[in-house]
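Below are structures written as structure tokens.
Common to both upcoming complexes is subunit A, partnered first by subunit B, then by subunit C.
For the complex of A and B:
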């Protein structure tokens, strides 16, 4: 199903069996700015500022000045209404050619990964040769919204024609209408915050406090080690005085994490396990990934780190409590593996986004649960367990932070580099699995392969 | 970015006041602008040797208004004094006194250039005296020149004619605004090499150049200058300076390589990046450097070692990788940043001066090694340059540093960058193992 007039040169086929003659989409590299804790180094930076900075770092790394790329896609979860064309505006402010088209995308925390998937598909189909997938979020510069009462009054005033009409409309205002609404992360249909939702799932899967703290500890330790080893030297460009992620605590310990008081699952009393230490903080940041066809990367003398093999999205009915809010990847991964004819054992690196330590652990527990996998996933038995030494080996969101839409780009660029460094293994390319859960009970997962 | 004092004494009231009080009157220096003539006004070529004749006819092909005899009271752009065959000190009198008669006609931003041979290359005492005499003469004359005019010399090794490619390149550099802050200096042309086909406006076209420490200050200006001269750039700086590095890279359309040059294997990483992205590596500018000033009595191990490691040890390691690389074989160029501190010494900078002295030693010893591949290595030693670093010097000390040279002002980063771009050019291929000072003829040191 190649598009009309598209040459079929190059190593066109992906590994997937039975796929039509689509070509390969490769990851050239990435760039992000260090992630800052909300209210920290980027408190005065807008989404557009940060996205532009991340783009400019990528452009500098790969010499893309004045280049007309196929397309740039990015998004933000917390977005001002004035940023209706956020990505295009960032492109115009960057060193790219002003003739590079762009679009905004929004799929909650999966935004960043979904931009990678969508643009990779366009490259595979031959619609574009090159692309930047990106995401940005600012919890510091979040939009503040006026109340519904005030909004209705303002809109009615606009429509009123006479002074008596206007006075009559104004008289409807009540003091409470004047209070602005701060942005919340509560699910509209349940009123529960993400953390409270996860707390229910955590209790359901009986995830211990110790296991969560250990995962958080490893995240910090692994991220710090990766920075020390220079792993991020060609993945991160400093911004506003920050050269490393502001949330990273290289010196944290299990003891310190153990002293923190639970902040979610308060209804559980003494059984509450989720703390500020094993949950991701609100974060500001932006991340980008450079995607290309083989031909374009070769013509521009650019490296090729990994290929985007395949992706799958899933959603769960968390509203009626059938599954946990952040459990959609549990469903997406087995479907993706089945389509690719792979098992968990065929994956060399797992990048499971640490929304909360318990999210990762609940996901793993579900895959190890024979009953759940048979009844809910339709598998003959448990999907299996994964080798923990392959999980988030250079740290993840608990240490780096989680600027919602930027997380996908952070993971994809880092994973692509890890895969490239590993090269082939057992006579096959190294494979990596990315899993990102998202608000609304959604999840997007993808498989990358080393080049 | 001219300093306020220079601005003040170049306009109405300030000019008169400075004149009456006998205060220093630094001039606005003539700096290179692409597309502008090499120099305005006639160029007087003085000297009666065959070398003088051939040089004069060569300069005619540059579209210069070349004169072999001065017309009194006609404003001159430059005076070139060819003394390539002086045998006794008495031989100097004739040409020197002719110059003396024309000196008042030299215009603002004018140039005096001597072309002679090094005293070290002759065993004859009288000839050595005559040749060394040129050195003392030129350096003193440079101190007498006014209104932004400078005096510099070209020294020709045996068998190197005044019209050899690099001798001409050196003359062109000294005539040009590119050498605005080079004063009282000699460039030795060591060989007959050098690409005579170099295009003067874009001498680095088609060349891939690496600049370390390129995120700010002099390094960023080197990047801009090499870009202007046509080079494709790889810009290196430590990861922590990555945002400024990216901004410079995007400005000059190069690629940014976040890399600590002291990490093992840095040389190979630089080579790999340049070759993969740009297909070749031709020019390396060792600009990255730090200062950690302390009196020696207060010096600790960390301050000493970090300066030595970054300023010289890392360069040695990178050069080793470069010289071993098959990709660094096409008329390769290395230019390293030394400092007048490394020549004359500077209180509180024992570590820095040791490292910069080290750079000059390295350059001399590496010259024959790189010559084997048709390449050159040279150093540029800046004096007082107006940068963020010198802006932090206490005001009195800063004023002293600024004025203590023949041009009575600090140099600009561009002045250093121009000297580096010149040594990196194809035409400068006959200049190897040299140190060129960009210091306005600093009163301190040689």
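For the complex of A and C:
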């Protein structure tokens, strides 16, 4: 185990058989339903309902009725145990051919992006020609489980053979065992919520309240402008009366954001700076992305917006505070850039998931910190600064909301469209970088390139 | 001090009988007056062929946050050998009252891993009777071996304080060691301890000391509320250190303010990976996020 950092030198290229032989995986387009605040318009919709709605919108947009696709992959973070085959069930309930296979995937908030990466790799390897990558989450229709005491009694009752055994097992039940448990947002190994974890990182990197509020304000302003410009017209299908994301506050202002009271980090030495305004709310929603080989897209006369170039996952040892819970992308991005021979200056659009405004700002601060980059990332100096005008230009999770597993699909579909619109720049394809942090100290990042 | 030959007990003593006996002994001493000499019994107590109940092991592991592996957690061995240790403190020739003794600190050397299929021999003795500014303290030393083997796999030293008991000939330290001021660091973990925390640990450890069980039973013994078992807290901290501790380690803990239930406990756990000659080491400290008082602190060091 490395005792200091995570050196940036990527895995060595093994032989010449790999890179040259693989073909391209392209993003045809995407579709999502507007994201709703928890307990709002989708309060009674299940994960399966929302995923099916998002799939059906995508199917309608690209004429995929009765089409047998290579594979569909999706997942949810808050998932009922009965939904072990959530994606396959959604496919069966959609207009796709019932002969389309599907699998579920779960990597906390990186679920959606990881489905894109995994399916794109299958396409690149020639295993499949077409795929839908997706994600869904409902904070409203969350699973509630029985207590450990009741669960143990029910399981033991199933195994009991005689009536006296059953009575003996039942006698173990206590009134408190009947109270159900709601899902918590605490990290299992630390007992701290994600917000409390980020508050530690926020204090460590000395991220100011004003900078967080400004990022949140820009997110709302940019998302509202994108809706007004019709950017989401071919990316979003209305559902349950919502046509825009329910969390979007087009009329918010820095003054309004400044009046909110801090909710995380109140017990720490530093001032608490994280509010409900600069943290993402609990949200319901689903997002999908259509992926294909060039041949399949051409044969179906479908657009090709961008290519999935490469991806990298990272994880940090957050349990005892060595790194912040949400800082894994800080390590993944330099490794990915190094493997592709790129720098931050070669990226035209940065999509850094706004779990909290402070998550984005801590990430940027780490990349600007020479000592951190030298000692922890193994770089000769600071990775560098990014041009803020290239960051989350059509808004991100602070404004749109963050139905955990749906965020990756939202970002990839939007970024692919942005890249396609930009086309080429300086004689090269436009490039976009996606960065998504996830619970458990994980992160997945990817590079897309315009077509 | 030891006479060499241990007193071999036929089976693991019953903790509840020990507690009842301790109460009776306390009453007897109150009526008859204590004629205690400030000397410790030299005999050690030994039990042989102790088997582990795997169901009990699993329940213990899940309660303190250990993965249910076949290896016995260091804290589980403490719980397993605890009745034997108590039986030494319960001897008529032991000069301090067992009831009301306060667990000040604990050190365990987990020398080599034991698994649940091992049959265990255990020996306990008391030593190092000495003064404390608030009374008299004593160490209980327990060694656990694989049955029939000579080398200990596990060695624990528990230091207890008999508060307000001053024995003739044992001087208390002239100056109270200055307690360093504690400033809470930023937490790396947070525990929500329910009111049933003491009952749950009693069920897996067998330590049904009334001060841990309920508000009523704790009040009967003069506590305002029930308190968490010290070894429960220390065992959870050890579990939180996780695989960084390795197979062989020393695990130290010293207890400060008691943890009254229910409550929230904040912790800082820091691990430094052993590089080169440095052994890997984790330090933990726990405090009340409400009052800022320290509950306990300790370390786990690779051997």
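Methods note: the second predicted complex is superposed on the first by the 430 of 451 C-alpha atoms of A that agree within 3 Å, B and C clash if a C-alpha of one lies under 4 Å from a C-alpha of the other, contacts with A are read in each partner's own complex, and residues count from 1 in each chain.
Operating definition for what follows: a contact is a pair of C-beta atoms (placed from the backbone, for glycine too) under 8 Å apart; a residue touches a chain by one contact, two chains touch by 3 or more.
It should be emphasised that the depicted structure is a prediction, and the values quoted were computed from it without experimental measurement.
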Does subunit B (first) or subunit C (second) touch A:301, or do both, or does neither?
-> first
Can A:154 be said to touch subunit B (first), subunit C (second), both, or neither?
-> neither
First (subunit B), second (subunit C), both or neither: which does A:170 touch?
-> neither
Can A:95 be said to touch subunit B (first), subunit C (second), both, or neither?
-> first
When both complexes are superposed, which of subunit B and subunit C contacts more residues belonging to subunit A?
-> B
Once the shared chain is lined up, is A:53 touching subunit B (first), subunit C (second), both, or neither of them?
-> first
Figure out whether A:203 sits in contact with subunit B (first) or subunit C (second), or with both, or with neither.
-> second
Once the shared chain is lined up, is A:238 touching subunit B (first), subunit C (second), both, or neither of them?
-> first
Does the superposition put A:178 against subunit B (first), subunit C (second), both, or neither?
-> neither
Using the superposition on chain A described above, determine whether A:191 touches subunit B (first), subunit C (second), both, or neither.
-> second
Give every residue of subunit B touching subunit A within the complex, in rising order.
-> 239-243, 245-247, 249-250, 253-260, 263, 276-279
Listed in rising order, the residues of subunit C that touch subunit A in the complex are 186-192, 196, 240-242, 244, 266, 268-271, 273, 275, 282, 289
Could you pull out which subunit A residues touch subunit C in their complex?
-> 1, 3, 176, 186, 189-192, 196, 200, 203, 267-269, 319-322
Would you tell me which residues of subunit A are touching subunit B in their complex?
-> 53, 56-57, 59-63, 65-66, 95, 230, 232-234, 236-239, 243, 301-303
